[in-house]
Every structure is written in structure tokens, then in C-alpha cells.
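Consider the two complexes below, in which chain A is the common component and chain B and chain C are the respective partners.
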Partner chain A sequence: MINDPTTISAANLFTSASAIWLAGLVITAVGRERVKSKFLAFLMLAGALLTLGGAALSWNQSIEYNQLQYISFGLVPADSIVDSLSVPFLGLLGMLASAAAVASPCHVESLNSQGKKGHYWKLTFIFLIGLQQVLLAANGIAFLVFWEIMSLSSAGLVAADHIRHRAQRAAFAYLTATRISTAFITAAFLWMHQNTGSWSLSSWHFGTEQSIVAAGLLLIAVCTKAGVWPMHVWLPLAYPEPPGPTSAVFSGLVGNISIYLLMRMLLAGECHHLGIAYAAIALGTISALWGVLFALMERDLKKLLAYSTVENMGIILTAIGVAILAHCHNLDTIATLACAAALFHTLNHGLVKALLFLGAASVERAVHTRELSALGGLAKNMPWTMLCFFIGSLSICAMPPMNCFASKWLVYQTFFQLSFANAPILERAMSLAMVGILAFVGALSLACFTKAVGIAFLGRPRSNAAAKAKESTTSGPDGLILAQVILAIACVMIGTSVPIALDGLAPALRHLTHDQFVIGSTLFPIPQGQLALVGGILVSSIYLFVLGGRSGDVKSYITWDCGFGPLSTRAEETGSSFSHPIGRIFSQILQLKVTTEISGKDRRHFPESVRVETFMTPILETKLYRPIMGLFDWLSASLVRLQTGSIHIHLLYVFLTMLLLVFLGTNI
Partner chain B sequence: MILDTFEALAMVSAIFAILILGTTHLRTNLSFYSLHTMAIAAVTAWIANITHEDHLYLVAAGVFIIKSWGIPWYLNSVIKKINIGTDGGAFIAAPLSMHLGALMLGLSFMISQQIPGLIGEPDSRLGSTAAMSILFTGVLLMLTRRAAISQIVGFLVIENGIYLFAVTQTHGMPLMIEMGLLLEVLVAVMVAGLLLFNIKKSFEHIDVSQLTELKD
Partner chain C sequence: MIAINTEAILETLAFVATFLLLPPLLVGIIRKTKARFQNRIGAPLLQPYFDLMKLMSKGETISKHTSWIFRSTAAINVSLLIILAFLAPWTSLRPFNLGADLFLVIYLLALTRFFTVLSALDAGSAFGGFGASREVTLALLVEPAVILCLAAIGSVSQTSDLGVAFSFNNVSLINQPGLWFIAGCGLFLASLVELSRMPADDPTTHLELTMVHEAMILENSAANLALVEYSHFLKILILLGISSQCLLHAIPFFWHTSQLILALASILSIMILAASIAIIESVAVKLRWTKLPEFIAYSVAMSIFCVFIALSKNLN
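This part shows the complex of A and B:
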């Protein structure tokens, strides 16, 4: 196998991609300001394309190689493995890294200080290397090492704008979350190593009784890192912070890598624990509801996207939970469907979320704010961004014929099938309820993205900056726009050729379900691509032959204002007013309070001023995390009292510790 | 109980160490320290004689020259230069701390009976008793005295205790390590002496209990 030419060339491609990124890192560190950002972006792109190429070469067969063997981590060398499960994620990495590379030069040139440029390039290269090697790691130790490299470099990216208090807070929250998740992963890996005596990831099976502890630890770790309720509080803080182009890679892969870990361990490792399945489904459901509600109420464009990630991670987690459940009851069809749903939605969501974050970055670059209340009317000035953001929004709301429609359809299908399957009645009832909850979440997410697109791009500009927004720094579309177009095209392509995409994922599905007869294209029987084609032809012919003839009648004129005089932006609907009715319904969860002050002599009929304010207190942060933080603060404040500054007291501590150790050692 | 000769010598050194606790006169302290270290050098030489490990003779000579002559001489000259004769005041009065030291000797005897896995031929419980008692004495010295120079002496006594434990239980470490340790102690004392000058110059006293800036 090792002499197979495909194997060697795929392995070479992956290694050279890492080497190129490493070279980029070294060049940035050594060359400083002499290095052109276009050259570095080229290196990044080359590495991304090599990764894509390697993934393409190895998509149908698993490859083991040890080209990094000279890097030994004490217990085991850094073995690499490319199996059918890591290939889709490597493909996603290649895709997003190429988009980020395309968008990088124009972002870096807009940075004013050399330090920030160096910071951006170095951390991005380290981040990419970490991501790639995590996906390639064949044993637990290598996985943990590269996972750490990935986490810490991405924390550095979150802190890119570290002079601002907001970024500091975000980086701190993100670091806390990654620390917790790494701790739990390490514990789980040690547990599995203790059980099996091996460090190889593929030799760990979660079917045994003892492995339930490891599975639980992994679930906690993944929930923390992916941002599933109730560990999602870091996510809306950290996701908006990385610099524009890398926010695509960050938002598209950081959560998905942990989902990848969960799939590799629990699905490919044949987990047979009902408790884990129930926990995953419950957490996923709450997360989906919670995420979409907060996304709807959010006033910050990027935070809205971040909460939408919480929602989607929840949906993916429920699908994984159902897959485990189906494994337990030996329902192979449903397991296959659930695995397909989870995997396909993970990939689609990564792609779409990256696209949306790039769009938000483009908006932020043009308007210098992410507050929805200061945006509006961007459609005229930023047509490309508008188009791409719209495509992304359509996709993430699961509108046909987009890619997320197919994957969400698979999720629904999973639950429908489970409700008719030979399973305990309670689980069938639960899955029927889940269909309803999913539909509800879907509707809310549609409202949420209607708000995002409508408030940001339509209507009249709500601020001067929004009125003067310019799409790109050059005359034509620049890198950031191009990157969005690439990702948008990818979304549409996948959406219109779902059977082909699912066929491409079939090896991964076989790996996940251990069922050798999975045929990807039969999972999604709707001829979405053909329908889209027919629909497209229909719409364009109607436009051309029926409406097109009258296009000469169209006149550009100011909006009719009912004779009230010029329309003010203050009369427009705002983001908060759009989402307020739904917020009212859920005011208990959202802790939404509205205060209205009307003043004036005859305040009932002729108010002089009306003042309305809405307040939202994040319930989880104040009710759960603040007490915990308070406890830690109190503990550390009490510990500080030990530090008196007196040398004698400190010596006394040393002496007492020594005595304690002596007594412990001698058992007196 | 029959004491081996080297055990008797180790006990003598422990008693000298306890005598250091008994006075706050710094030069007397240093003289006792010198005697205490000489006893330790003698222990080393005697163990070399028993076990025929010739390199221990060299170590004994090193201890004798550097620790029991060089360091006390150097510290004496420091005391003369900064012109301080006695420790300003101990937290626990000197006679009381000496008695505490004697109590510690008893405690060390109890502990050393319990230490598991002492390997050594001969298995010297009394050697470890003496070593531990010296260790406790040094800690007591550092804890109760105010003058910085007493801290240095306390540190040296602790170091001697550790060294004595090693030499009675394992019959000495390789020559290179022993010499390295000796050199390290010498350098530490040199640096501490220089620091003393600076403390005296900056604060016009060497009272450690008034140096309490070491905190957030």
C-alpha cells in the first residue's frame, strides 16, 4: 500500500502544503516589511490548493503515512492518516483557505501598522498548519498537540485587535473555552488509552461498557468547543473578532473540527450508549432553539451570525445523537440517514457560514461598524456583497435549491423515519416533536436572516457612513469580493448537484456507518438541480419575453412619500422593531424588558417626546456564569491574603509544606 | 543502642547546629557553624574510611576548606564591614528556640524511624535523625531571626542537613556533583553577602522583617 503511487503523491501533497505554510511563517518572521502581501497570499493559496488536490487524490481510499516521523512527541511519532472521513473536512479546509488567501492581500494592505500585518500572517499560517495536521493526525498525542497549536493560534487571531477591550474579553473567553475543551479531550484520550493500550485513534472503540466515561467527556469537550448550549457564551464574543479573511476559516472550521472529532470517535468508533445519544439530542435541541432566538434578537451583524452558528451546531448535534440512537437499536437506514445529515450539514454550514462572515467583513470594512442600526441601504453601493450575502442567507435558511436545504431535508427525513421505525414509543414521540421543533427553528432562522439582509442592505441608509459605503478599495471587485463569489458559487454548485456531492461523501458515510452498501445519491431523491434549472429557464424566459418587452416603461423616481414630505430614516423599521413581536413571546427566556416614557403637558394626545428603550439581559450569563465567576474571584481574592510579603511567613509556608510532605511520606 | 563513630559525629554536628540557635551574637553563631561543618567534614571522611570510596576524602577536604573555613571567614568580614554585632531581635527568644531545636531532634528521631525504604549499608537511622534535625534547625533559624545574615546562616545549615542526609544514606554522590554543590553554595553565599551590602546601603538596616514589599 505504501508503494502505491497515488498514496505517495497524496501524502506528498499534504506534507508540501504544510511545508509551504511553514515557509510562509518563516518568511514573514524573517522578512518583515520587505515581503509583499501578494506573495504571502500566493503561498497560502498554494498550500490550500495542494490540500484540495491531496483530498481529491485520496477521497476514495485511506492512506497512512509517516512523513513527519522525525517529529516525535515522546510516546509516539507524528503519524498521519488520511481516511475517507477526514477527506471532506480537508476539502473544506482547502476551499476556505483558498477563499481566505484570495481575500487576504486587500485586508492586509488596509492595515496601518507593520506589527498587525506580521501578526495576521504568522498566526494565519500557524492556524492553517494546525488545522490541517489535526485532520491528518493518526494518534491521540499528535491530535492533541496540533489541536493545541490550532486553538492557541486561533485565540491569537481572536485577539488580533487586542488594544480594544472587546477583543481582549473575547480572546479571554475563547481561551477559557478551549482550555476546558482540551482538558476534557485529554482526559477522554487518556481513558481510552488506558482501556485499549493504544494511542491510535482508529483503534478506539466506544462499544464497551467502560468507554461511556470517555464518550461523555468527549461530548462535553466538543460541546464546549463547538459552542453548544450552555457552553456557547464565548461564541458570540469570539466569532466576530478574527480579522476579515481568517474569520471565514475560523467560523467555518473551528466548530466543525470538534464535530469531526465527535464523528470520528463516537460514530466511526461505534458508540453504543443510549445516555450519550439522549444527551446529544437534548443539548442539540436546546442549542438550536436558544441560538436562533438570540440570533433573531441580536443587533450586531456578526454576533447574529455567531448565534446562528450555535443553532446549526445544535442541529448537527441532534443528528449525531440520532445516529448513535439508531446504532443502539440497529436501525441501519436511519443511522445512515442521520450520519449523512450530520456530515453534509456540517460541511454545508461551514461553507455558508464562511461566506456570510466574509460578507459581514465586507460590510464592516465599508461602513466601519457592525451595528445593524447604523447600516441600511447598502444594496445600491455594494451589489456584489449583497448578492453573495443573499445567497448565503438563502442557503442557511434552507431554501431550495441551496445546499443547506438538502442537508436540512436529510435531518428532517431522519426524524420522520425514526418516528415510524421500530423504536420505543417514547423515542418515536420525541422524534415527531423534534420535527416540529426543527420547523419552528427553521421559521425563526428565516425571520432572522430576513432581518439581517433587510435591515443591512435594503431601505435607506441609517448613518452617513452607510450612505457613503464603498464596496471595494479598487475600481473593480477586489479580493474580498472575489472570495465571497467563489464561496457563493460553491454553495450554488453543491445545492444544484446534491446527488453528486452525496456520492462524493459516500466513502465517508461508509466509514461512519460501517455499511459497505451506502449509495450517496439515493439519499436525496428530489431532483433539485433539474428543478432549479427548469425554474431558472422559466423565470428568465418570462422576464425576457413577457416583462422584458416593457422594461422601457420603468422610470427611476423618488419613493412616493404619501405627501408627508421627504422620508426620514427614523421612520424605517429597525432591527429591534422587526424582531420585537417574537421577542415578546419569549420574553421570559430573553429577559426582554421595554420601558416607555412619554412626556409633555397633554401626554395622552400631544406627547412632546416619546422615549422607548428595550433591555435584554442574557439569562445564562447572569444567572449561571456570573455566580461561577464570582466564586472564582472570591477564591482568588482569599488566596491573595496568603501572600503577606513577609519573608518569614513565606518561609513558614515552605516549612509547613515540607512537614506535611514528610508526614505524608512516612505515614506517621 | 550502639552508635557508630560516624553517627556519633553526625550527632555532634546536630548539637552544634542547635547551639547556633542559642545565641544571637553573630560571630559566635558563625563559630558554631564552623564547628558544625567541621563535624560534617569528619563524618564524610569517616564514611570514606568505612566504604573505601576514595573520592569522599576529596569531598571532605572540600567541605572542610570551603564550608567550615572559607564561608565563615567571608561572612565574618562582611559583619565587620557593615558593623553589626548581634541579631536585632528574634521572634522567639534564643534560649527558647534552642529548646525547640532540641525538641525537633526528638521529632526527627521519630520521623527517621518511619522513613520507608532507607537503603544503605549500614542502614543509618541515626544519621538521618541528625540530618533531619539539622534541617529543622536551619528552618527554625531562618524563621525566627530578623537579621539578614542569620538568614544566610540558616540557609547554610539547611544545606548542610541535606548534604548530611545524602552522605549518610547513599554514601556520597559522584565527585562532580558534590563539587558542583560546594561551588554553588559558595557562589550563593558570595551573592548573598553582596546583597547584604546593598540592603545595608539602601535601608540602613538588615532587618528582614521590615522588607515586606514582596506582594501584589
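This part shows the complex of A and C:
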């Protein structure tokens, strides 16, 4: 296999991408202040493009190589494999890393301390190497090592602004989540190794009875790392924290990599277990509802985006659950649809979420806040950011003709077709219910993103900083804007040429479904591109002939004020008031309380002062996690008594442990 | 290759004329019926056409705080609804079947809402914000009902293409008057809310306490307002058309009749539904905002009945 010229060149491309990023790391570590940020960004971009190139070369053939074999992890060398499933994710990595590289110089130049600059570059390079090698890992040990490198470096990125209490808390929560997920993955890998005697990921099959435990452990691990309910609490804390450009890679890939793991293990590894399928569908559904509901109530732009990730991870997980379910009932068309839905939505969501996080980073850079109540009217001063964020919002609400509509349509279609397939009546009932729930989630996400765009970019500015916002540091659009434009164009391109994109994913789908006859382009029959074209022609002709002819008559005036004179910006709708009616409906889940205090003597109708306060208590954090954390506090406080500090007692412990080990060694 | 014959051309012309000219007439019918109920003579039946014409010739005023969203929303929404008129099965006379996918139809409607809500927020007035916030809340409650009614019908006919399900020759749907009737009623109730009609919203007042749709379009004027109004009329036509088609499918007579009678019946039934909106608005009152979820629950309940029927129908 290694003799094939394309094979060698693709493998070389991936290795040299890693090598370039490693070189970047070394240069930042050695060179310190002398290295120009433009040069480092160039290295980052070169690595990203090489990854993209490698993915393109190997998109429909599987390549095994061991160029890193001199790095041995004791049990096995660091074998690499590029198969059709890792290619789409490598492509996504290349895409997002390029965008991040383009956005990096202007971010780094705005940092004031040399330490922060070095911190940014070093961790970003390590993070990228970790991500790439996780996707390339052929065996469990290599996977775990690079998974750890990726997790720890991203935790470092979350702690980039570590002087702030907020970032400390986020990094701590994120670290906890990654520890839990790594522990479960390790347990699952050990279990599978015990079952099969092999470390190779591709040799693990989850069809047997014994492997169900491993499948369950993996599901827990992935739910923790991807941020699925109820393990999502770290996500709204951690996602907003990484510095601007890397937040694109972080938000677009950290969750997706764990979904990748789940697909590789449970779908490609042929897990046929109804319990796992039901668990995935149930967790996914709750996660979708919970995520979008909290996203809607959020007042912080980046946290809103983070909660929307919880929603989308939930939707992807339901699709994976249905794929397993369909495999159990031998419903091949539905399994194919579900796999396509999960894979395509994962990639689309990664792309769109990266775009939105870059937009939020741009807003934060210009206004120095993410609070929606201090934004508003940015469309005038930040037209590019507004346009890109708008495109991203259209896409994440699954509006035609965007890319996410295609993948959301596949999810809908999966459930819809299950409703009249040859499956038990309860599952068919569940699938129609899911269609309704997805519509509900869709309407909620529409509310959520009209709020994000409408409150942040439209209307009148709610603060001085928002009124004086400047889009870029230079006179023209700078790197951060350019990165957004690249990703927005990618979203539109995929959206208008879905059949081509699905054809590109066909090898991966064949790998996931074990069906050699999957044709990508026929999965999505709606001619989105043509519809967009017709729509574009209609809009422009109406604009030209009905509205445009009269632009001379158009008078510009203030917003209607009922004749009271100029409106104060306080009279405008805020983020919280926009979502309040929905919050009222779900006040039980959100624990939303509103208190109104009207003061003044007997003055209900002419009050002297009115004070309204809204409170939201996060129910999961207070009701579930606080007791658990209390238990841990109590346990550690109790265990500290063992640690007396006396050398004799500690020697006794050593002796007792040895006794125990000898006992275990002789008796088992 | 398109076979050109006179019949096809006539059908197409009739179709285009219907969806371009009928919408304002529907509103005329609603207003006239309401006026008669209140013992008034009321404005002429064709008044909405005159209103649109007058608006087109007026000078426009827009707020200086608005962006391109506000300026282009009306044009975008009219285009989207024209596309929808070609796709959605709102009448039995559709000269071409372009593949009316159920989810595409729902999401195109959602796209018009996306733009309407953003354009309402664009001027930064309290009215627009109020209206937008209420609109998304109502949409949230109604959406599951609409999609479940249609998905139940689709599930019985085993296709998500509404053009096939609503074609009067689908064998699996022929003896399902219950399903069609309940779906039709559920969709009609949902349409009342989606179209900002009476129990949900009062389209005749400009009082901020009650209004949803009117609040959102407060800043629009002249040609822009005409386009907004026209797109709203088109939406009335399409949504009432879909529910009336459901009701027509419930009557066995229409399964065995000629195309011409069917086409006339489709248009007539839309008019009857418009008149019944007027009757509802004359005898019922606008519900308090907090009571609306209970009203929408009727529609959701009907959609759940549809789901049960669909599930039992496919019971092997």
C-alpha cells in the first residue's frame, strides 16, 4: 500500500503539516520577541493548507502509514491511518485552522504583553498538532496520548486570560470535564483491548455482548466532552474563553472530535444495541431542548453560541442513535440517511459555529463587551461582521438555502421515514414525536438567533462603546474580518451545492454504513442552488422595479416616537425582554423569577421609582452538581485525616499496601 | 423537454393569475363580512387593491437607524412567498409539480419570519421589539402543530412530498376523511395564529398592548408597506389554501370529480375559510396573551390525533 505514489504524498503532507506546526512551536519557544507574528501565522496557514491538501488526496482511499514509528508509546508505535471517515474531519480542521491563521496576526498584535503572545502561539500550535494526530491515530494508545495533548492545550487556551476569575473558573470546569471523559475513554479502550487483544481502532467491533459495557462507557465519555445534557455545564463557561481566532478551532472541533470518536467506534464498529440507541436518542433530545432554551435566555453573546452548541450536539446524537436503531432493525435506507445526517450536520455545525464565534470575537474586540444589553446598532459600523454573522445565523437556524438546512433536512427525513418503516409501533410514535420536537427546537433556535442578530447588530446602540465601535484595526477589512468572510463563503457554497458536498462525503458514508452502494448526491433531492438563484432573481427584480425606482422620494427620518420626541435607547427592546415571553412559558425549567417593586406613596399609576429584577437559577447546577461537589468536598475533608504527616504512619501505609498487593498477586 | 400545448399554457396562466390577484380579494372578503356582521356597509370588496395601488404611489419615509435588512425584507418576503405559492399545495390546480417537500415549505415560511422579525427589530422602536418578541413566541407554539399535521399526512402516504400527498389520487389517503378533517381543522387553527388573526392578534388595532403583526410593520411606509401587505395577503392565501385542501380531501365527492370542478372548489373553499375567519373575529374576542398557549393547545391536540391516526393506519 505504501508504494502507491498518492499514498506516500498524502502521508507526507500530513506529516509535514505537523512538522511545520512543531517548528512554529519551537520557534516561538526559542525566538521570543524577535519572531514576527505574520511569519508564525504563515506557518500555521501552511500547516492548515497541507492538511487540506492531504485530505483532498486521500478522500476516497484509506492510507496506513507509520512515519512516526520512532515515537513509541511502550505498547505500540504511533501508527497513523487516514481512512475515509477521518478525511472530512481533517478537511474541517484544515479549513478552520486556515481561518484562525488568517485572523491571528491582528489578534496577537492587539495583545499588550509578550507573555500572552507566546502563550497564544505555543498553545495554538500544540492544540493543532494534537487535533490532527487524534484524527490520524490508528491505535488506542496513540489516540489517547494525542487526545490528552489536545485536551490539555485547549484547557490552556481556555485559561488564556487567566487573571480574570471568569477564565479561571472556566478552565477549571473544562479540565474537570476533560478528565472525566478521558477516564471513561481509557476504561472503554482497556475493555476493548481485553476483549480483542488488539490496540488497533479499526479491529474493534462492538457487535458482541461483551462490548456493550465499552459502548456505554464511550457514550458517557463523548457526552461529557461534546457537552450533552446533563454533562454540558462546563460548556457555556469554557467556550467563550479561548482567544478570538482559536475560538473558531475550539468551538468548531472540540465537540466534533468526540462525535468523530463516537461515529468511529459505534457506527463504523457496528454497535447493534437498542439500549445504546435509546440512550443516545433520549440524551440527544433533552440536550437539544435544554440547550436551545438556555441559549435563548442568555444575555452574553458567546454563551448564547455555546448553548446553541449543546443543542446541535444533541441533534447529532439523536441522529447517531437512530442510525444504531436502524441497524438493529436492518432498515438500511434509514441507517444511511441517519449516518449522512449525523456526519453532514457535524461538519456543517463545526463550520458555522466557528464563523459565529469569530463574529462574536469581532464584536468583542470592537465594543469590549459581550453583553447583549450593551450592544445594538452595530450594523452601521461593522457591516462585514454583521453580514457574516447574519449568514451564520441563517445557517444555524437551518434556513434554506444554507448548508445546515440540508443536514437538518436529513435529520427530519430520518425520523419521518422511520415513522412508516417496519419498526415497532412505539419507535414509530417516537419518531413522529421527534419530528414535532425538532420543529419546536427549530422555532426556538429561530427566536434565539433573531435575538442575537437583532439585538447585537440592529436597532439603536445601547451604549457609547457600541455607538463608537470600529470594525477593524486597519483602514480596510483586517484578518479577523477576512477569516469570517472565508467561512461565510464556504457555508454558502456548501449550501448551494449540497449534492456535490454529499458526493464528497460518500466514501465516509460507505465506511459508516458498510454499504458499498451509497450514492451521496441522491440523498438530498431539493435543488437548493436553483431555488437560491430563482429567489435571488426575484428579490433583485422586485427591488429594482418596485422599490428602487423611487429611491429619490425616500425621506430619512427618526424612528416613530408617537410624537413624544426622540426616544431614549432605554425604550428599546433588550435581549432579556425579547426572550421574556418564552421564558415565562418555561419558567419552571429556567427557574425564572421576576420581582417588581413600585415605590411611592399610594402611587400605583404614578410611581416615583420602579424596580424590576429577574433572576434565573441554573437548576442543574444547583440541584445536581452542587450536592455532588459538596460530597466531594466532604470526602476530601474526611480523607485528609489519613494524611497525618507522621512518617511512621505513612510507613505503615506503605507496608499495608504491599501486603495487599502480595495478597492480590497470589490469590488472583 | 416541455410539451407546449394550449391547455398547459391556460392552466399556468390561470394559476399565476389566481395567486397574484386572489390574495387582496380574500382580505376584502374578510373585511366585508366583518362589516356586515357589525351592521355596517363596509368598504368595497376590492378596497385592498385600491389601498395597495395608493401605497405604491406615495413617498416613502424610513428611519435613519435602519440597515439593509429593513430595506430588503419586503422584497425578500414577497419573493419567498411567490416561490412558496409555486411549491405548496394550496390549490388543486397546479400545472407543474416542483416537489413540494414538507420540510422545505415549513422552513421557507420560517425564513420569511426570520426576515420579518429582524426588520421589526431594525428601527429600534419599542413597538417593533414587542411585536417581534411575540411573533417568535407564537411561532414556537404553533410550529409543532403545523409540522405534525402535515407529517402525519405524509407518513400515511409514505412520502414527504406534499405535491404527491395532496394530489387526489394517492391510494393510501383515499378513505381517510378523519385524518384529513382533523388535519384541516388543526392547520386552520394554527393559521389563525400564524396569520395574526383574531384570538391571537387583532389586525385592526394599532394599540401596542394587543398587536403582533401590526407592531412589527409600524415603520414601513409607501411601496415598502405595500409589499409587506401583499406578502401578508399571499401568506393568508397559502396557509388557508393548505387547510382548505385538507378539508376538501376529507369529502369523498372531490376524489371522483373533474379537474375544473376541483379547481373551482379549491378557490371557493379558500374564500369560505376567509369568511369563517371573519365570523370568528366577529363572535370571538381576542384572548389575553397569557391565555394563548391554551388556545394553541387545541391545534396541537388535533395534530397529535393526526399522528395517532397515521400510526394506526400504518400498523401492519
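List of remarks:
We take it that the second predicted complex is superposed on the first by the 635 of 668 C-alpha atoms of A that agree within 3 Å, B and C clash if a C-alpha of one lies under 4 Å from a C-alpha of the other, contacts with A are read in each partner's own complex, and residues count from 1 in each chain.
Note that a contact is a pair of C-beta atoms (placed from the backbone, for glycine too) under 8 Å apart; a residue touches a chain by one contact, two chains touch by 3 or more.
Predicted model, so just to flag it, every value in this text is computed and none were measured.
Of the two partner chains placed around the shared chain by superposition, chain B is the only one that A:652 touches, whereas chain C remains out of contact.
Shared-chain residue A:429: touches chain C; no touch with chain B. After overlaying the two complexes on the shared chain, residue contacts for A:594 are found with neither chain B nor chain C.
Which of chain B and chain C touches more residues of chain A: that partner is C. Residue contacts after overlaying the shared chain place A:640 against chain B, while chain C stays out of touching range. No residue of chain A lies at the contact with chain B in one complex and also at the contact with chain C in the other.
Only residues 56, 59-65, 67-69, 71-72, 74-76, 78-80, 82-83, 99, 101-104, 106-108, 110-111, 113-114, 117-118, 120-130, 132-134, 136-137, 139-141, 143-144, 146-148, 151-152, 154-156, 158, 160, 218-219, 222-224, 226-227, 289-290, 293, 303, 307, 310-311, 314-316 of chain C touch chain A when the two sit together in their complex. Touching chain C in their complex are the following residues of chain A: 376-377, 379-380, 386, 390, 394, 397-400, 405, 409, 412-413, 416, 419-420, 422, 425, 428-429, 432-433, 435-437, 439-440, 442-444, 446-447, 450-451, 453-455, 457-460, 525-526, 531, 534-535, 538-539, 542-543, 546-547, 550, 553-561, 567, 569, 571-573, 577-582, 584-585.
Chain B meets chain A in the complex at residues 91, 110-111, 114-116, 139, 142-143, 151, 208-209, 211-216.
Listed in rising order, the residues of chain A touching chain B in the complex are 640, 643-648, 650-652, 654-655, 658, 662, 665-668.
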